[in-house]
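Next come two complexes, and both contain chain A; in the first it sits with chain B, in the second with chain C.
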Partner chain A sequence: MFKKKGNDGNKSIENQPLKNNGTTITSDALKRHLANMDDAEFIERTTDKEQKIMFVYIRTLIDHERFNESIIQPLMHHSCDLIYECITTSKVSEINTMEEALSQLLQGSILINDPIRNQWWAVLLQNPLARGIETSETETILYGSKDSFSEVLEQNITMIRRRLPIAELKTEKFTVGSLSKSTVVLMYIDGLTNPEFIAIAREKIKQINYDMFLDSSQVATFMEEHHNSVFPQFQQTDRPDVCAYSLGLGKITILVGNTPFALNAPVTFFHLFQSPEDYINRWIVASFLRSLRYISFLLSLILIPMYVALTTHHYQMIPLQLLFVLLESRGKLPFTPFWESFLILGVMEIIKEASLRMPTKSSQTLGVIGGIVIGQAAVQAGFASQVLIVLMGISAIASFLVPNYLMTKANTLIQLMILILSSLLGIFGIVLGLIALLIHLNSLTSLKQPYLAPLTPFYWKDWMDLFIRGPLVNMKSRPEHLRPLKKWRYSQRR
Partner chain B sequence: MKTFPLFNKSSAFDGIYLVFMLSRLQMLYYMLIMPTILVDPYMIWVIILVGAVSQLILIMISKWFSSEFAAKGYLGFVELFGERTVRILAFLGLGLILLKLSVHLLGYVEIVHQFIFFSMKPSWLIFFVLLISCYIASKGVENTIRYSVIAFLCTIWMLFLFIPFYTPPIAFLHDLYPLIPTEWSGQSWRGLLLIMASFSGAEYVLFLSPWFKRDKKTVKYFSVANGITIFEYVFLFIASLLFYGANYLSKSSYPLVNMVRYLQSPLFERIDMIVIAMFLIHFSFAIGLLLLLLYGGVRIAGGNQNQPTRIGFAACAIVVFITMIIMNELLWKDHSRQTKLIDLQMWIGAATYLLVPVVLLAALKRKGRT
Partner chain C sequence: MMICLVLFLGGCSPFMESHLTENNLIEEIAPVIFWSVNKGEEGKLKVSTLVPPLTDEKKRLNTLEVDLLKQGEKGFNLTYYREVKTGQLRMMLINEEVAKDGLLPVITTLLVDTDVSQRLYLVIVKGDFEEYMSKQIEKQENLDYFIYRMLKHYEDDKGEITVINLHQFKNYLYSPFLDPLLPVFKIEEDKFMYEGTAFFNDDKFVANVNGIEDNIVQLLATNNYLDLLPLPEQSVTLGHVQANVDTKLNDLSSISIKVKLNGSIDEYRGDKDIHDYSTIKEINKEAKVYLEKKTKEVLKQFQEWKVDPLHFGTLTLKPFEKKMDHEEWMKHWEDMEIDVEYELEFEPLTNIDTNDGDHLTH
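Right after this comes the complex of A and B.
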């Protein structure tokens, strides 16, 4: 019944440049544009009313079952005058230019030619190729919602919309990437989010000029103001509840097609230490856990440098009993404290990276090998002291307490910088490194908003949800540093 | 060429930043040597008295802050004094800034050298302190002002370290007597001058008035900062008196630092090393701010109206570094010359703190009449 025309007949025009701007759609023109595309199909079918209809589509992008059900079957036995009226799917649009035709085809539409009216229609029937909604692997929590974003943009928007079923939740669509044609969706709550953030984000997205975007972090790179910083200036998350909460505070959310990670901005250094579970736990417990994260972050930065500083420059700072333990442990080592720490830190990073890249079952074995065998063997072989192995273990575990994985990665580089300074200048070097870090953080911005807010700029009212997480009933207003248009979180102020 | 936004103004700061800035600018090197020079317990009243005088000066400065000339910055000064006079004053100011910078920088480096790194050459320490201060300054005035919050919060907690010195058996109440002076010596005058110079710092903040909101509450913020400083001076002085007693206090070169050495902790034996290193947070802030003022002053004195450049700022920092090295070798290492330099800065610090606001206020009045 179907007559497959093929698409390899126009070899003479293969190398001609494609000019598709505003030209009229014809089947020949379409064939020219889709030359050498094996999955592009042109089929012609005759209806009961002896009417010849042409279908053009890309086989790998469309849903064949729905194509049969909602287009072929109704058209086969149609009694309607217009093709448009026969199609039983809602996403039908009229197309007039070749540019539109190609864009629709590549999105998974089927182009249908109405020969009577000489009109082309596009019916969107995308192949529903996607994984289901799964639990987040990067931000795991015990309590709270378990769903996470997938690669399907519409599905991701749905997950946020279900949490914020309000008409004020706006979505603006953009396309970025000359090759990837990635869809970027800017989400915000109208009348709540500061218009300045929306305008900046909109402008930055429009200015993006690059060929390919495979992940939202790449979009973030083009929107950042400080490219040479190790700190993320957008919060990358695959949790819809985090996005919904951020939107509710007055931030913007950016979703990118074909990636399960959304971007929230403006973000501050302190936001990266907040976990969705903070708002589920009792406030005292949540505050304790959050404080623990900050302390762990600091510990992971300075524990090893402190060991190097004390053993290299400031033996007099170590209490006598501890000094004996340290002397015994380091007595036969051939390396200086710096090289000892540097080597073990390097090995630790290799193990961490390898455990991430290997299959799950292998990574467990690797953990055992790395943690016990290498650790113990290094001590017995005389490469490292037992004290250092203990400190290294604490430091490595402490670094993982930060909920944001990008932050954990940044942590290693900062630790290395402080390690070098501590070997040169001891305690003074550590403080010097920390000051440099604070100065750097103080100068960073996210969507042109200070990164260290509400510490600096100083908004003391926002401290209720900074180092501690105050009781929700007392957190009556939205964070001042986000300058939301609606200050109060209650619909009626109590 | 990429711009170097050193003096950009994107938003006006609230008065709360004045509290943080002033409070830290008043807690520099002189605070650390204060007990050695004050010695007598009755100097507590002098601290409070000079604190009251400082409050009057701050009221004058707050009047400047609320004037329209303050918001105009350099142009405001030009309107008041004329361009030539402003350039001459800026040139004189360079020397004053350099002197203040040298005493505080070299003083801090000496403490680090004495208590943490005796084997390291002070020149290296000067280099590192200046390097981190330049890094702060290179981020611009706005970020430096914001950094004052960090400087304040990272160092204010150190006061708690001195609480144990108020509790027996270390503390003896009779160490606080006599509270009423029986004689007034030359050393007492020197102490008074030192306190006045220690309170100084706001006369440099007033040059940053364009970055602040014109707020009627400025005087309130200044008062809070001044109040915090008075409390800190008195608290630390009493702690040192209780620990050493007036007779022994003058024998210690850095009594407050030495007191921290006596504190015990299960993890560290020498807490003073951590405390001294932590002092770098607010010393670097103060030095960074002075570097910015110095570079601004150089540009005004040189009549440079163009955008600031990285090369210009770097050249300024290198000149400061070379000056500091020379001053350290020629003046600071020799004890008698060091004392003279400290005394000179005491006189100049006290004089500028008193005179700059008076002159500005007089100029404002004169301008108001004309």
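Right after this comes the complex of A and C.
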């Protein structure tokens, strides 16, 4: 009844592929295709030999300086017979169809017509517009390399290649997105990465059928097996060292054009708790920090629900002194512990989100106002108890210890789910929530590989780099759960 | 779906009455930390408790005369706007008169109440605790909490007073050879002070010991350790006294107890020269004789009271043999000859010359 009636006429237009005809290239045909494109230019020049040459390009996509230096000047004063021979740039290709011509034009090529042979050439002279290599903002570390990916795909590949200068590092190129024509590069180490992962990834990329991909996470969405989970099934990182390390372990890396974030897979739940700094610190310190992250993750999940459970159902478990404090402070409050926590949690999320969207300087002010002023005022105005504000602070800070930012976001939702359960069922609810979470995690897969490995299925050797980070000299083999073709990490038996 | 199934099958639905999901919103309840039970008029019980305050409210002592303990709890709920909860109950203060009639009903009530922790401290009180509390509450607002902290402290840090909790008391009560004991506190005007250790025949309070006799009980039975052991007759205080007790039952007619005490002389106020080694030897000898005499006296009293708080009855237990019942053991215990021997080894107050080759042992 309420179903939208499809408009057959419109539908047929939408589903039509964009005009890509394989007809012969003529300047008229090109003009037709590039009609109403203000930045498309057709220039005709006469050379010293009285030869008329046509240049077709899109002004905003090409590098004008190089165009003058390596094409216009040599051609105008050329002494060679063939146009092709005069062009002093390496990326010259012969094009024959209209489809090729348009594709090259939109990638930043200049089309040149050779009137004698009636042949079209494409010279790639992309506009080098890109930001420089900067430090990673999403995964900051104190020690270790500081460079991070940028939007330029080639540059990103270079950064990985520099770290893994081996011929076995393969890059397979795909194009996805009917509108965005995004380049996706699948990287792996031949003879090391399990061919099953490569085949699955290759197959999944080929199957992608969508119009636009503006970020690698969108590519990941089309490649993952569980769309309704809050847990990321691909590790998104903008650090080349993380990608190189992952490749070295036997994972695959997917780079997407125009985004600084690469995807690593197969990933496990525990990979999300690993930071590049783990492999820089002393192993004892690194192990301590890693365990701290797991504990903080658990704390950020259950601290507030625990408060609600204790104050709603299990007053018996509250330490006596704290009970008296809570009795006094909660006596003034109009809300039950659940609504109190729910409200403060909501406010906290608003502050977090607002400080992210604001410019850095404003977000600092916002943090101070949000954290201190609202927190203090909430207590004084009788909206929340002091104990809750303290717990909320600890919980919020603890949630940021997880290096993966997507995981931090997922945290809040899980916390909310456990909060509801705890208000209804107390500690039993928290336990139930955690069991449900464990069941969910156990059912997840990344590139069809188990998400909770090496816990389930159990690979005891991989525990050396799981909750702790063992000494590197003892980590002789690559993770078993990744089933690499080369097991040992050393080249000669020690 | 699965969660719902687990909830409902487990009977843990929030919509059903369930112990797991009891609504205990802390601002709506009054978690009390002690109950005091006294004898009321006409065989009734007088139960009292202090209700913790909410904001802008004074702490108040509630007292009710009831026939049953739980009736008191219900009675409080009817007269007070917050529900009294026993989940944080830490102490049970029982008047000696109630204890003389037997503690079994009180203990059973507490034991079956799943809200009440087994780590609840049991205390026998001599005097009117309610009156004392109502007077002191004006001066010391957190008095109940301080009393609890004191008991908790001495439970962990043994060596001063006897501290027994519900779990231990229950174990003593239901074991054939372990007669229960409890701390006794006395009320004197505005003081609530430790008096000694109370002994029970089955569940009935018989008598209590205090002073040096209490110290001996602590050394021999409860703690095997004393921070300080003052012996005024010898003008000496022994410190950090560690007792090593070796008991031997000789054919059910006599028992020999060997006690080895280690520690230090912490104070001497006598006339003799404490720097003289012979004086130390003399003090040791006197202390040994005194302690042996006192121990014998205490044990004789136990025989008269028909109690065995030092658990000598367990010595009759032998593998693959039928256990002796409590009555039979008591018959033997009453007439048993007791031989006590002390061996004292103490560090002197200061460094002294012990070159005569004799060791400080008697």
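Operating definition for what follows: the second predicted complex is superposed on the first by the 474 of 494 C-alpha atoms of A that agree within 3 Å, B and C clash if a C-alpha of one lies under 4 Å from a C-alpha of the other, contacts with A are read in each partner's own complex, and residues count from 1 in each chain.
Assume contacts are C-beta pairs under 8 Å (C-beta built on N, C-alpha and C of every residue); 3 or more make two chains touch, one makes a residue touch a chain.
Remember, predicted model here, so these are calculated numbers, not experimental data.
A.B. asks: A:Met417 contacts which: chain B (first), chain C (second), both, neither?
C.D. replies: neither
A.B. asks: Just to be sure I read the superposition right, which of the two partners does A:Arg330 touch: chain B = first, chain C = second, or both, or neither?
C.D. replies: Only chain C; A:Arg330 stays clear of chain B.
A.B. asks: Looking at A:Leu438 after the superposition, I want to know if it touches chain B, chain C, both of them or none. Which is it: first, second, both, neither?
C.D. replies: First partner only.
A.B. asks: Classify the contacts of A:Met37 with the two partner chains as first (chain B alone), second (chain C alone), both, or neither.
C.D. replies: Once the two structures are laid over each other on A, A:Met37 reaches no partner at all.
A.B. asks: With the two complexes superposed on chain A, say which partner A:Val390 touches: chain B (first), chain C (second), both, or neither.
C.D. replies: Touch partners of A:Val390: none, neither chain B nor chain C.
A.B. asks: Touch check for A:Pro450: first (chain B), second (chain C), both, or neither?
C.D. replies: Touch status of A:Pro450: first partner only.
A.B. asks: Between chain B and chain C, whom does A:Ile430 touch in the aligned arrangement: first, second, both, or neither?
C.D. replies: After superposition on chain A, A:Ile430 lies in contact with chain B alone.
A.B. asks: Which partner chains sit in contact with A:Phe458 here, chain B, chain C, both or neither? Use first/second/both/neither.
C.D. replies: A:Phe458 contacts chain B only, not chain C.
A.B. asks: Looking at A:Val347 after the superposition, I want to know if it touches chain B, chain C, both of them or none. Which is it: first, second, both, neither?
C.D. replies: Neither partner.
A.B. asks: Which chain A residues are contacted by chain C in one complex and by chain B in the other?
C.D. replies: In the superposed arrangement, which is not itself an observed complex, chain A uses residues 313-314, 316, 318, 425-426, 428, 432, 436, 439 for both chain B and chain C.
A.B. asks: Would you mind writing out the residues of chain A in touch with chain C in their complex?
C.D. replies: Within the complex, chain A contacts chain C at residues 311-316, 318, 320-321, 323-324, 326-328, 330-333, 336-337, 424-426, 428, 432, 436, 439.
A.B. asks: Spell out the residues on chain C that touch chain A in their complex, using ranges where they run on.
C.D. replies: Answer in residue numbers: 2-3, 6-7, 12, 14, 20-27, 29, 31, 33, 52-55, 85, 87-88, 90, 115, 117, 145, 148.
A.B. asks: For the complex, which residues does chain B have touching chain A?
C.D. replies: Interface residues on the chain B side: 13-14, 16-17, 20, 112, 116-117, 125, 128, 132, 135-136, 139, 143, 146-147, 149-150, 153, 266-270, 273-274, 277-278, 280-281, 284.
A.B. asks: Which residues, counting only chain A, touch chain B once they are in their complex?
C.D. replies: Per the touch definition, chain A meets chain B at residues 313-314, 316-319, 425-428, 430-432, 435-436, 438-439, 442-443, 450, 452, 455-458.
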